[in-house]
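See the structures that follow.
Below are two complexes that have subunit A in common, paired first with subunit B and then with subunit C.
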Partner chain A sequence: MLDMTNRPSGLANSPATIASVRDLTVHFPSKRGMVHAVDRVSFEIRDGETLGLVGETGCGKSVTGRSFLQLLPIPPGILAQGTVTFHPHARCGACAGTGCDACNSTGRRPAACPSCTGAGCAQCNGSGAETVELLRLPEDRIRRIRGDRIAMIFQDPGKALNPTLTIGDQLSEVFLQHRTEELLDAAGIGPEDRGLAARLLGRLASQRNGSIDNLLLSLPPLRGKRNLLLDALRNNVAAALAETQIANPYQIIDRYPHELSGGMRQRVMIAQALACNPDLLIADEPTTALDVTVQARILELIKDLQKRRQTSVLYISHDLSLVRRICDRVAVMYAGRVVEIGRTDRIFRNPSHPYTRGLLHAVPTAATKRGQLMAIKGTVPELVDPPPSCRFVGRCPHEKALCRSKNPELAQISDEHSVSCFIHDAAGAADAPSFDEKTQ
Partner chain B sequence: MNAMNDVSSKVDRRADDVVLAVRNVKKHYPIREGVFQSVVGHVKAVDGVSFDIRRGETVGLVGESGCGKSTLGRCVSGLSDPTGGGVYFGLSKAEVARLDTLLADGSAAAQAELAQMERRHRIDRLEGAAQRHFRRNCQMVFQDSFASLNPRQLVIDIVGRPLRVYREASGDALTERVVSLLEQVGLGRHHLYRFPHQFSGGQRQRISIARALALDPDLIVLDEPTSALDVSVQAQILNLLYELQRDRGLAYLFVTHDLSVVHHMADRLVTMYLGRVAESGDTNTVFETPQHPYTRALIAAKPDLNDDEGRTMQALEGRVPDPARPPQGCRFHTRCAVATPMCGWEVDDVVRWLESSKGVFDALEGVDRTNAFDAALRFSSEAAARNLASTLRSDAIPAAMQQALEDVTVSGGAVRVRFREVPEVELTERGPGHHAACLINPSHSSSGAN
Partner chain C sequence: MQLRDYVIRRLLVLPFLIIGVSMIVFALTRVGGSPIGIYLSHEMTPAQVAEIEARFHLDKSLPVQYFYWARGVLQGDFGWSGVSVAPVAEVFPKKLAATLELSVASGIVAVVMGLWLGTYAGARRNRPADHITRVVAVTGASMPNFWLAILLLIIFWAQLGWMPIGRSTPEIIALVPTRTGLYTIDALLAGNLVAFGDALWHLILPAITLGYGATAIIARMMRSALVEELQLDYVDAARAKGLPERLVLKKHARRNALIPTVTVIGLTFGFLLQGTVSVEIIFRWPGIGKWMADSVLRGDQATLMTYVLFTSIVFLVLNLIVDVIYANLDRRVELGK
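Here is the complex of A and B:
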């Protein structure tokens, strides 16, 4: 765990969180009624931590992850309620991004609120940090955050990469969208420059070039500068690929996605996601499609990059044994709700929601006798207009009358461990001990 | 009818019966090129695999994607014919021993007896009643239950079809048989007249299992039956499979990439790498004392809920080589952390190394091979050739590879490299029923392994 308390910062109240989700509720209309895919989900992602979001198919974990970048299909989806606030980082003022003690030698610090410059005002809730409300951000502003401040890695690299573009072309887009000034700088064009050359190159460096631009840029007076810019772009792409330990980045640049293996494609995705040093990385089952041997390599890579850049990670997965390895904190989701959240060691040593316990017992291990896996009885409930009850009702071994009439709220049961269950104490005593003995 | 009686008299349910014997099975797919589609090479998906499945036991088949485990599963269930070797069905223990002697014996008399045995037991040589007998006794459950259940058929048609094809039942009797099958897999009468899309993933996999059970088979080949399912549903299916096995004496061939599932389910384990068996043996023995570096790497890479918290996952370097040109000696030597000079270093290793290093590979014009261990690499310039020769003598390449190099000579723009010639690494016995295809004894080299 990172120590949040004495992290130095110039802001009034340095936010320990990079992003927080409050009461997020997403509905999807269907023929039979409204599907409550995500129902009042709240959690926060702390600065520099890896938060695991685990749950089974259809529990709403991917919808939650995608809502950060407005990637949900709305409409038809309906954002009924909730906020996702994000505190972006900016280059550290003390060291100009080279890394110093004030920024934990990452070169980046929480950005100051533009209206009060860090003193604390109503707009930033007194924290002094820049606060962005992601869900209701207009399209042009969310575009500037996507891939730059918040990046995403998708499950299936075969589908997420464009098969008609080379690796180099796809990675270039990230730089053309978010690093236009630096590219122009490489071509010798400063921010004050006007004139035809600057205009044309400016359009090229922000993906607004048309065929006439291309023609003009290929003529001798401008060709040199254009080549400088494209060389810088190519070097940036190669550097991003090299970060993910691809052995020969300049050869990979001209390949198409189908020419690469699954592990290699996932590396390209990671290179793309990390190209702009994002503050928050949302990894949606990044290793599910890969072999265990490749999986270990990819996770090592994410971990290593995270350590160097202090990136916070939201790791969405269904694999409990994996989440236990790589996450600082874990949120368990069931049927659109967070049922348990807390520090990884607390959750795995003392799982307090019956669902979490059920999941942990369902994983086959060397110790479980054959035919003795604890399967959770029943199936996941349909989320069409659900009743106001605990969603685990009907599958829970400790069910009471109260569970059928009222929805339990997340309540803290110990330091850094919250559960939404009325009867977690009684349940904990009943069938948890076997797991406790093993892990302690 | 004779063949039918012949077979059925032998298949009584004795515990030590071998349900299925796989002997030196090869499945090579031709690579065709050019206008005339001439065969230029073969992808060796499965390349000489042997093992037995005994009555009532579960054999786990594990490996990375592309190692040939699914192809082998298809060969075993008769969905594709092996291009070499054979799969033998319904032999008693004594007959398997006889088969092994016959296969080793090259005499004409032995060949004649073998041919006779193959007509009755080798699954791609079976005909008529004997073939039907095999087909009904060997069923398969596939990974993707969306693709393996006909979306236009009702459950009663899907599960009842084997019964109808084999004229086991019809009319009301058929319905009752289907209901009892559905009840065995945890479904019920009310599911009879529904389509596959009306079920969840776990329920569809139950329907697949019910269909496989319909003819009361001896062996079910399970090709990744739970990898598309959530853990809680996976637990239900694994429990169900175990109960069915206990009650009916079924044998399973469990093809999967998930080591924790295999550890839980399998009695014996076969690890495959690039079309060959790397290690086989009793599951617990293999997990406790893995003898092959590849098995060790697989186990080290897999996170487990029971691990100590400090344990790190070990990644495996490199990638699986091209199965059309599998490495010489031990196929794993290109990625092995404890490889020795005797592990089969060859010319392709130099080429692979060149591919991953910038600049030098562009200068390579061609490779003239005498054999896999001896070749001349032609370069466009003498400087590039000298450069390679000096790198081959430096620390840039693995020490084991360097020691295996017998000769490096530069003549003009060409470098002649010759490696020590070594035979293919065979499976050797490491304990009772425990075999591994590795030259080194891990107890001597455990320091280098992890």
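Here is the complex of A and C:
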């Protein structure tokens, strides 16, 4: 675990969390009513940790992950309520992003609040860190966060890469969007330049170039500078690819996605996501579409990069054993709600929600004898206009009348372990369900 | 396989395809009657007729007749056009220039408007703009162009008198030296803006008529392809990189949506050529479409065969071009496999 007491920053009271989700609620209208895909989900991601978000298909984990980047399909989806706050980092001033002692060799430091420049004010809750509300950020500002401060890896790299663009083209876009100044710098254009060359190269370095620009830039007076810029871009792309242990990055650059294997494609996706040294990585089932052997190597790669750069990761998966291997903390989602959240060892050693228990019992191990594998009875409830009950009602072996009339809130049961179940509700007494008592 | 090798291979096969097509065309046309039918009169004696037949090798068997025709074609002799009262080889380039001008103009209308409308509608799925373009497109696709031609003529020529009919005002175009045979280009080359305006003015109505149907088909194809592409993961991945919506659409989704659309565009160009027949007749446009229609009615076989031969070559070449563009857009396409 990351040592939280010795955080390197010049801020008044630097926050220990990188992002926190509060009461996130997303609805989707359907013919039969409103589907409550995500229902008052709250959790936080600590700086530098890997948080696992587990649950079965359709439980809302992907929607939750996508909300960080405003990639939800809205409309038709409706953002009913909730906030996702994020503390973006800025490049470390002492080492210009290469990594030094001051920034714990991550190359990043929490950005200062723009209104109090780090002293702590009402806007940043006294922390002095810049705080943005991701869900309501205007298009041009969320765009600057996407791919730069928060990056995402998709489930199937075969589908998430554009089949008609080369790997180099696709990776270049990240640098062209977020590293325009550095590219111009490589071409010898300073920020104060205003000449034609600076304007044309500026448009090239931010993907605003048209065909006339390209023609002018390919002619002798500008050609040299353009080539410098393109060389810098190519080197950046190759360096990003090399980070993911791709042996021959310069040969991969001109390939098309279909020419690469699944594992290679996912490495390219990871390189693309980590190109700008993001603060938070949303990994949406990054190994599900891969072979088991490749899966293990990709997982090691993510783990290794995460450790080296101290990037916070939200790891979305349905695979419990995988989450156990890679995550510091785990949040278990069921039918649009977080039912249990806590440190990985606590959740796996002492699962305290009937659903988590059911899930863990349903995982076969080498010791499981034939016929001993447990299944959770019933099916996931439809989330169309759900009643105000616990969502696990009907499948829970311990349910009582109370569970059918009221929804249990997420409550802390021990240090770093919270569960939403009446079993742990001391006040419930007589009516409360219990693990000792099977009602069904 | 290399693109260049593929093109060379296809070009090598092309002559054989053309020979095959010409054989079919020749046989079918001869079934329709004697090629000298329109030159004969009732006063001629059988001996005179036999003499004419012998002169044109019509007394020989069909394969031999084909051989003589093919030899003529290779030597640039396409026969005598009874309709134009001149050698086919002499009239054909002028007629072709007129049709080329019309079909290129309508092709430009169709591709530019079709791709733009399709992209516009696809990016605004199920919003008012999408519904309006749908109405425009369905109307275009379901309206026969001879009907649209007559409708436009009634409104803009007969009633309002805004638009002219025919290809140009003879007095104006007479001042322009013929270089390419395309009046708009010739006028521009001569620097005669009055003639250019006149030529363009005559071109607008037939070009819109001819291009409307193709515009509709291209727009619908582009829209549905774009809608499909926009739902794929790579579009969200492009957004997650921080790309502005403009680039997501232009650089990512549209490029992929063009792949199926290009096939349709290639086919549409073939249909444009077909459509010239009715549009040229109605707008009195002196192109090969109208020429062909006249020659069918008069039994002018030399003209008819030249037309069919030319059209089939155009189709074959268009197909090749579409394949090459296709491979250029979609790198997964391996040509020749």
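Here, the second predicted complex is superposed on the first by the 411 of 440 C-alpha atoms of A that agree within 3 Å, B and C clash if a C-alpha of one lies under 4 Å from a C-alpha of the other, contacts with A are read in each partner's own complex, and residues count from 1 in each chain.
Just so we're on the same page, a contact is a pair of C-beta atoms (placed from the backbone, for glycine too) under 8 Å apart; a residue touches a chain by one contact, two chains touch by 3 or more.
Here the structure is a predicted model, which is why all the values come from computation and not from measurement.
On the shared subunit subunit A, the superposed partners subunit B and subunit C are arranged side by side without overlap. Look at A:230: by the touch rule set out above, it reaches neither subunit B nor subunit C. After overlaying the two complexes on the shared chain, residue contacts for A:216 are found with neither subunit B nor subunit C.
When the two complexes are superposed, the chain touching more residues of subunit A, out of subunit B and subunit C, is B. Using the contact criterion defined above for the overlaid structures, shared-chain residue A:367 touches subunit B, although it does not reach subunit C. Of the two partner chains, subunit C is the only one touched by A:146; subunit B is not.
By the touch criterion defined above, A:263 lies against subunit B but remains apart from subunit C after alignment on the C-alpha atoms of chain A.
Of the two partner chains placed around the shared chain by superposition, subunit B is the only one that A:248 touches, whereas subunit C remains out of contact. If you stand at the C-alpha centre of subunit A, subunit B and subunit C are 70 degrees apart, rounded to the nearest 10. In the overlay built on the shared chain, the residue A:74 is in contact with neither subunit B nor subunit C.
After superposing the two complexes on their shared chain, the closest approach between C-alpha atoms of subunit B and subunit C is 7 Å. When the two complexes are superposed on chain A, none of the residues of subunit A touches both subunit B and subunit C.
Considering their complex, residues 64-65, 200-203, 230-236, 238-239, 242-243, 246, 257, 259-261, 263-265, 284, 287, 297-298, 300-307, 309, 313-316, 319, 356-358 of subunit B touch subunit A. Only residues 56-57, 247-248, 250-251, 261-263, 291-297, 299-300, 318-322, 324-325, 345, 348, 358-368, 370-376, 379-380, 438-439 of subunit A touch subunit B when the two sit together in their complex. Residues 232-234, 236-245, 247, 251-252, 255-256, 259, 329-332 of subunit C touch subunit A in their complex. Across the interface of their complex, subunit C is touched by residues 66, 69, 71, 139, 143-148, 151-152, 154-156, 159-165, 173-174, 177-178, 207, 256, 258, 269, 272 of subunit A.
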